[in-house]
Amino acid sequence: MSLLALPYWQETAIKLGLALAVIPATSLILVYLFLFKMMAFMQSRLGPNDTGPYGSLQLIAEAIKFLQKEDIHPAQADRRVFRMAPIVVLASTFLLYVVLPVGPDAVVQNLDTGVFYAMAVSSLSVLGILMAGWASANKYALLGGLRAAGQLIAYELPLILAVMGVVVQAETLNLQGIVEAQATGEIFGFGAIGNPFILTQFLAFLIFMIAAQAELTQTPFDMPVAETELVGGFHIEYTGFRFLLFFMAEFGTAFAFSALASVMFLGGWWIPGFDVDDKLLNILGPGVMLAKILLIAFFIFWVRFTYPRLREDQLQKFAWKVLIPLALANIVLTGIFKVVF
Amino acid sequence: MGDQPTPEEIPPSDEEREGLLARLSESLGEILVDSHLRPHEDLWLRVRAQNWQDAARAAKAAGFAYFGFLSAIDWHIAPEGRYEDTEFDAGLDEEDDEPVELDASTGYAGGDTRFQLLMQLYSLDRQLGLLIKADLGEDMTVDTLRDVFPGADWHERETHEMFGITFHGHPTLHPLYLPTDFEGHPLRKDFPLLARQVKPWPGVVDIEEIPEHLEAQLEAEVMAAFEAEEGGA
Amino acid sequence: MTATSDREQMAYVAAQAADARVNVELDTGDMTLNIGPQHPATHGTLRIACRLDGEQIIVAEPIMGYMHRGYEKLCEVRTYPQCTTLINRIDWLGSFANEVPFILAAERLMEVEAPPRAQWIRTILFELSRIANLSLFLGDMGVQIGALTPVFFAFRDRERVLNQIEEVTGGRFHPNFDRIGGLKDDIPKGWVDETRSVMVKMRTFCDEMEDLLVGNEIFQARCRGVGVIPADVALGHGLSGANLRASGVDWDLRRDANPGLAWDQIDWRVWTHPDGDSFARYWVRLQETREATRIVDQLLDGIPSGPIMAKVPRIIKVPAGEAYISTENPLGEMGYYIVSKGDLGPFRVKIRTPSFNNISVVPWVMKGVYVPDVITILGSLYFILGDIDR
Amino acid sequence: MPQLPGLIKGLGVTLRTAGRTLFPKRGWKTLIPAPQKGAVTVQYPHEKEAPPDRARGVIALHEENCTACMLCSRSCPDWCIYIEGHKVKAPPRRAGGKARTVNMVDRFDIDYALCMYCGICVDVCPFDALFWTPEYEYSEPRIADLLHDKDRLGEWMDTVPDFLEYETGSEQKVRKVPR
């Protein structure tokens, strides 16, 4: 099911190159659109507007600035772990992109256990964050790292349970399969716009978005970073390009999660209500995907810029006492509907 | 309730404060050394330093539960620390010819020693303030008020480092503002203020006078030029 | 001792040691965490040395003095007009309000009273600096607990108030506008109407803050029940301003010990809240900001005409005496105890700053809270570092 | 009306602000984004903020009025005004008079590195020789260059705005700036 009939190594090289280009590009888009511009507008400001047209090249300038900076290791740091941590975090982001479909055939690797894989690799970042927190030899970083570990583990569960509802309804773990299921599905016999799971799985969507917010350590769940209390948390000691890696990973993962949400709840590359040829969809798909991703990312960042942050214990309570029971109830309901109808 | 009504409204006496003073002198007994009352403004009490804590307790019992501040006054007049090179002091010296080393007499409620403790309390029910003073002896020691007013803790630490007054029973009298190894007590009057001593005051410069032997000559030149101009016009 | 008992003894000791080892292994040990001196939550250079058990505070000890400028000493070598330059740098966010009690105390000693017009304009500027100061708090509290946007709103709208202050006094932050016996200058034409429209905007700002933070469930979860200060503790520590009123004590120096400004001639109220927690402190300050805009509106309507300066000599010598005057500043009770010996400058000035007393409650209130609560409490107690360190 | 949850209200506030910033125009032009107009920030090097006329930006010296009386220098809390002068003989004001002795300013320096912008010097000046101007762009890479001498202070004189009219009810007289 490859895009073009190319030899294996060529195909791999193209995919690798694409993946390497895509992550900086996606973080660039998100940072510019939301962190720079939308936040500025929400705060009656203009945001960056000197570098490039409307300040669009600001992030590139920032990246160059980061690359110029001295690479500092704290004296007490565990150097090897300290250096590995951002790479581990970024690797988790890279691996997420492997299964994201942007067209009927446009996918790096169409795994049958795509959802399972995505959930699995996304939790890898905890390891990197914990490594960063520990290796920095900084109390703030340690607190941040531990918070991150507790929080990410607590929110993996509702995330996966929320996805389970989708999986039960779509009857597949394959992300392409989930898109197909939404394209061909119908809601109680009404199938003109297919069945985007956001309609039938709205509860799951909400839980997924909340859990993703926590997973991405965005406000109101940004305690691991918490600028005003932990002064940056796990990445407090990181400067220069190592910080840049964390930064890219943060927004790259935000993009990937928006993509996952759009695949699972909004129908991914499929255009609701239109029956488009597969070949054309391979070309249109990325655009459709991008629109849906930006819509979801808009919500993620909108919430981020508006809300204050919860406390760690409140967050844990929220995860265990509210989200997980709700997610379980959602699975049960979905199962009942699946059996009955 | 205004503390400073317009002059025509001021009644001759401030009954509230007088009543308060009477009550407090009764409860304080011989602890109270002196008092001063400015009608409609404030009430000062001077108590014995060895009964400092008792006085605070008595005031608290009388309803003064709100802790304002605690500090001290150094009545010593020392040459250092004042603006001694400035013109301001020149005028003062003429007024008081005899050098006054220590002058607590101008203070309200009087004073006998160089250092005087000062505390301000409020009674929220009466809407009145109360200022309590105490003369400190040679030992510069007084009982702590931490048990009476927990807020006195930091004020006592500050007073300790600024004036060198020891508060008996205060467990953490280490410096609050100053570095740990700072020497001296900055708010004492004999502590020099370096910022004013390392730089000369620019105001001492005077206008350069015309040298006397040139004055007549210059005046003649100017007048000559003026008259020439007048004549020309 | 027999060999048996020896062995028993040794076994007992070994068992004890093993127990101790287990306990040591399970014991996490305390961690010392220095919040500050350079920390975004301390807005300035305050350091709070915390002993932590996990994320719970065992002991919190504020350490300050990083910004101690020795104003009490500096005032002793300055003349009265020069002192106001210094003292409006104490609480730099509401600086006009700092000048007023000092000037009033000096006026009391000189037995001069400023003309009514000056008193009204003083009161207006006083309330404007309260709005400028508190509006920043309203936004900053959001940033303390993680909301990015409110502080930008606060800066945006505070700027309007600062502009109004600047239009009259010439200084955004350090007006130095108050003089013994009156004011430096009168208000310029058109200023009253401009100020009125700014007050409308400030009320909108308060509404926005109400929607953005006060009503926000996350904000309430973070603030309600955090850092509860009961009334008696507040009184004993000498807490003042909104911190005291949030503990349910109905005490406002503007109403209860008005030193002659125009507050007693208009209609306004003092807000209190019974809870004493961080939320109450925020809520009281929000209401006070609103109330201040209403006060300004009323004051603008009734500015009396007349001179703005009483008759005072050009070179001011204050007669010997002592006076303590405090006013209800944005942060709380700010007072000056002036000892004068009849010179051009004060003999001793004791500056009673609100934040110093307000922060002194920190070791008491922070026992047993979590690290994030430290920030909430610090934020809600609202201090200005210059006001603590003087 | 049922109470909206605070979480949703908050989202409304930020979105509304974003809308106002992006689409500040009213009427049919509403849909034209004009964030330059909607934002409250001033894009400093490109556009400049105009401080109010009374703003204390920098002190201007009207040298003709200065008599080197030293009042400003002596009342300066920071000791940042340095004045030197000498006396000269000047011609009489009208014919038949005697020659007068007047003060000439040789040096009038204000060290803006020390100045606290309190304005006491401007206040105490009895001869209308010192004025505030709202200019603020005079930062220097070297701190020593912040010492403005009397020529530099004199140049600021052109930027002194006229004194403002007073609000009704005032008994103050509007002063004149010597030009």
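Just so it is clear, A, B, C and D label the chains in written order, and each chain counts residues from 1 on its own.
Everything below uses one rule, namely that a contact is a pair of C-beta atoms (placed from the backbone, for glycine too) under 8 Å apart; a residue touches a chain by one contact, two chains touch by 3 or more.
Worth saying up front: this structure is predicted, and the values here are computed from it rather than measured.
Counted by C-beta pairs in contact, the busier of C-D and A-C is C-D. Averaging C-alpha coordinates per chain and comparing to chain A, the farthest chain turns out to be B. Comparing chain C-alpha centroids with the centroid of the full set of protein C-alpha atoms picks out C as the closest. With centres defined as mean CA coordinates, chain D is found 29 Å away from chain C.
The mean-CA centres of chain A and chain B are about 64 angstrom from one another, to the nearest whole unit. Inter-chain centre distance (chain A to chain C, centres taken as mean C-alpha positions): 42 Å.
Averaging Cα coordinates per chain places chain B and chain C 24 Å apart.
Counting partner chains per residue, chain C has residues 78-79, 149, 153, 156, 212-213, 216, 218-219 touching two or more of them. For chain A, residues that reach two or more other chains under the stated contact definition are 42-45, 305-307.
In chain B, no residue touches at least two other chains. Interfaces, counted as pairs of touching chains, are A-C, A-D, B-C, B-D, C-D. If you check the complex, the residues on chain A that touch chain D are 38, 40-46, 49, 302-303, 305-307. Of all residues in chain C, only 64-65, 68, 70, 72-74, 76-79, 108, 113, 232-233, 235-239, 249, 251, 256-260, 264, 320-324, 326, 333, 335, 337, 339, 341, 343-345, 348, 350, 352, 356-357, 360-361, 364, 389 touch chain B in the complex they form. Put simply, chain D touches chain B in their complex at residues 68, 70, 73-74, 76, 79-92, 95, 99, 101, 103. In the complex of the two chains, the chain A residues touching chain C come out as 39, 42-45, 139-140, 143, 219-220, 222-223, 226-231, 304-314. Put simply, chain D touches chain C in their complex at residues 5-7, 9-10, 12-14, 17, 40, 51-56, 75, 77, 116-120, 123, 132, 164-172.
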